[in-house]
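One chain, chain A, appears in both complexes that follow, with chain B as partner in the first and chain C in the second.
Moving on, here comes the complex of A and B:
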């Protein structure tokens, strides 16, 4: 008799509620996958729900987000709650400040657990179910592709005055005269091994970086973002519409979701 | 061998043990490093759960000491020989023969300055539970600028159950003590609102749960389930506390005039090298067996009692001291029987 049969066989006695829990754990794949993530292993010991992380968390002050709740859901290993979490905005509110880590009396680190959850959410396409999650497309196409092309997450050219009106006239002037001004400062644009974020990194080093991205699974995650968006929005064309809308309006909420 | 037993440490466990040992007919020398016997009892006002005066307990135990020889302001500097023929040297240079030794050196309080985010030693109105008891004793619970506090917070688990300060254990008594002092503050200042910030309420002894219930029913003490993350001082000297009320899942800020840190216990391991004793991973002395040899150290003839082997309430320390006394009396009697019968004492 397998463990599974044993559990099912007992399902009508009064322990059935516990057996149900056992079935969930036994059948669960997401939780097992989460536990494979080394950052999850490092970040999650046992949570005693003291709330010190939520009390110190800057995101918890302004968003519907509680690091303690995240830890508690992970600790229950309840597959349905975990899926709800992966589909929600919540895991994207964390700003990775790591204030929670030095406070936890049990040595947990919610910020690390969050990163493991984000990867899981992307891998399974759940990220596309939430508004904050869908912003992964911009992260992938801006930071991700910048990294692969130039070895930098963000370049001055990405900071368009239309998207960042709050930066004002000075930035507008710089944006238009970037090339010239950087010459004055001796940090010219697009020069190999020059200083600053607009330098060109030698192809040999870029090759190494891409290999690291491939070996660590970062490439795979970036592909999963495109695929997940396509699945959610219905077609590649629709993904481009979503992207264009954001480039134009800088606010993902301006794209109307069909479902 | 002789009839001498040396008790090191004159707190409740040592006093209780010395009293019983001399009742058993042994010659007891009590060595206390402080100028007075009584240990931490000298710092407390009243003791939970029944509000017995700490001084009454000291007086009772002292009255039972009988012929015990008391050496105050004295430390043990070396222990030579082996059971049942120890030679103990004190800081005054005296050498004393002993057939058995009791280590009842108790504990020290957690140094609250290590939890810097709570601001002890930085903010005027952040005090420890030890300081609060002295204020209660003088019936003078005030803020630093002499005002009667309108809101007081008791912070549980300071230096306990906290990996960040390397104290993973529970200090056991702080919950009930927090409830006791909360009631006392409320009785002395009836207009005061009191909040206990706890993770779990661990009121385990006889009468403790009843005290907890009374504190809520009769005195209106409020309990917030959440660990304090940090405190900051406002212009008027009051303190802003950040915590999550985990039962309603709301991050909250709480302003109080006075914050009391319920400091936990830490092992007093001063004698570890002198007496060649082992420490547990909690840095209290390790016993020979946690279940059935709880007053035995790993060394034959050296016994342990009271909070030296882990956090204990006063009553538990007294009981444990007397339990150690029974172990010592039986050890001495057994060795005397062996000698009288002309047998070689076993070292096992």
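Moving on, here comes the complex of A and C:
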């Protein structure tokens, strides 16, 4: 018998106490971490659960989503509920329109609470447990990497007819004649050392931007997305397959999850 | 009770945006929109022409300005600290390199993002110190906060500048919207995050209604007027989520058509609304076989049409899902009728 087993009785019992202690410490930290987020502090005062946020929410109308429920879970500070929430699709349903904010009689902002929850979910890898959460790989590789490469969150090349079929046949025509069409409209693109639409931002300015992203935690948050996906899908190779599938089919659900 | 804006005390939500006749009102620095540059670049193009040629504004933009990154912020790949320092950097570049004090952005999310950061700096002095410190360490630049509206820390949106100068623009107009029914659709991030920073507040914002009225339009009201277009960042960006976008657009337009079947013009000030309120009408037509035929123009495109700019070459209306010709005919704006609709849209 080990010393711990002697002290705590049989090994099953020891592990159960040990696990409970670990889970308790871990989850307490999660709630504390959430409460340290300035956006959470500003967004969550005292929610009276009236449901006005849900009544005006565009996401609540089309998804199994209720901002009121999100606020309620946060307000209880129940660790298990919080973890379930961070692992679920729910926090990713919000469209960040902030329709809830001006309506709340208590001055809360669910949309801000959602942002704090999403960052927490990414940092702890919980985002990879839900279908909508796994879309974070696309957000990171499109919005995030575009910023680091070009200084814009979106580029002209992103708005493909395959991913945006509703833009119609005239958009397909534009996309095939992008450079000429932009000159015809008098908004030429990719010009260097000049102001203008979709210009090439000088390298010294891009360096400053990248330094800011590193110093302020954006790089870390983006890396957590890649790491979380790798852990969930099993390997870097699978993450690339997940990405390639999305680029080709425009639907992440065509990638078959193994577990 | 007839609910019109006269019933509402909206003076408390007045912004003080300098007109071209006010001191400093002819020198502006501007920030471009990621989404417009990618999906509707001509809207910034025609806005530039109007501000420079018709209002005589000295419009300055640094090559080294970057995006504010807020699509990444609301798309959850950056932190609030990142947004603060990137905002401070763009302000510093405008002030140091371009010598401008007045700043506007073409994107409502940039406007909301810059406003949010300015509010945070005002409310949380330690975050202001943090921002100044990291800005210095990473870029060597000095922290500076713009004070555009009423000399308090603030920036404004491009549509605010159009609104401030609307009577000048209306004087120069070649055409009128007299007899045309129209309604505004305000971008959520223009008014809902900081209602006090929206011209007229969030319930009865004046920024677009004022412009429409200056051009003579008859404003209509409908139940879902303030409902979001459904752009929703990750909801529109990832095709598998875009039923959210189409549903929101459907809800709005069905409500408009029920209240005012003869209203065929929505005016916008948000890049997302400008693109998706139009584009999703194409989806709805295909999926539900329902047609709304509501033209969705942004404030610069409409002003451009009124001033006589070319609907297609200058205003970019050749990229719209909803055919704009019926509206042009109704207003009396000429276009090349010797060409087919397709030829007008595809010049090469």
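By our rule, the second predicted complex is superposed on the first by the 227 of 259 C-alpha atoms of A that agree within 3 Å, B and C clash if a C-alpha of one lies under 4 Å from a C-alpha of the other, contacts with A are read in each partner's own complex, and residues count from 1 in each chain.
Keep in mind that, in the parts below, a residue touches a chain if its C-beta (ideal position, glycine included) is under 8 Å from a C-beta of that chain, and two chains touch if they have at least 3 such contacts.
From a predicted model like this one, the values you see are computed outputs, not experimental measurements.
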**Message:** One more residue to check, A:180. First (chain B), second (chain C), both or neither?
**Reply:** second
**Fill in**
Comparing chain B and chain C in the superposed model, the one touching more of chain A is C
**Message:** In the overlaid three-chain picture, which partner chain does A:51 touch, first (chain B) or second (chain C), both, or neither?
**Reply:** first
**Contacts of A:257 with chain B and chain C, given as first, second, both or neither** = neither
**Message:** Looking at A:102, would you say it contacts chain B, chain C, both, or neither? Reply first, second, both or neither.
**Reply:** both
**Message:** Under the stated touch criterion, which partner chain does A:144 make contact with: chain B (first), chain C (second), both, or neither?
**Reply:** second
**Request:** With the two complexes superposed on chain A, say which partner A:61 touches: chain B (first), chain C (second), both, or neither.
**Result:** both
**Message:** By the touch definition above, which chain A residues appear in both interfaces, chain B in one complex and chain C in the other?
**Reply:** 61, 102
**Asked** In their complex, what parts of chain A are in touch with chain C?
**Response** 38-39, 58-59, 61-63, 92, 95-99, 101-102, 115, 118-119, 122, 132, 135-136, 138-140, 142-144, 147, 151-156, 158-159, 163-168, 170-171, 173-174, 177, 180-182, 184-187, 189, 193-199, 201-202, 204-206, 208-209, 211-213, 215-218, 221-222, 225, 250-253
**Prompt:** What residues of chain A sit close enough to touch chain B in their complex?
**Reply:** 48-57, 60-61, 66, 68-69, 102-107
**Item:** In the complex, chain B residues that touch chain A
**Value:** 117, 157, 161-164, 199-200, 225-230, 242-246, 249, 251-252
**Residue ranges of chain C touching chain A (in the complex, touch as defined)** = 32, 34-35, 37-39, 41-42, 44-45, 49, 60-67, 69-82, 84-86, 89, 93, 120, 124, 127, 134-135, 137-139, 141, 188-189, 191-193, 195, 202, 226-228, 230-235, 237-244, 246-248, 251, 275, 279-280, 282-283, 313-314, 316, 318-321, 345-348
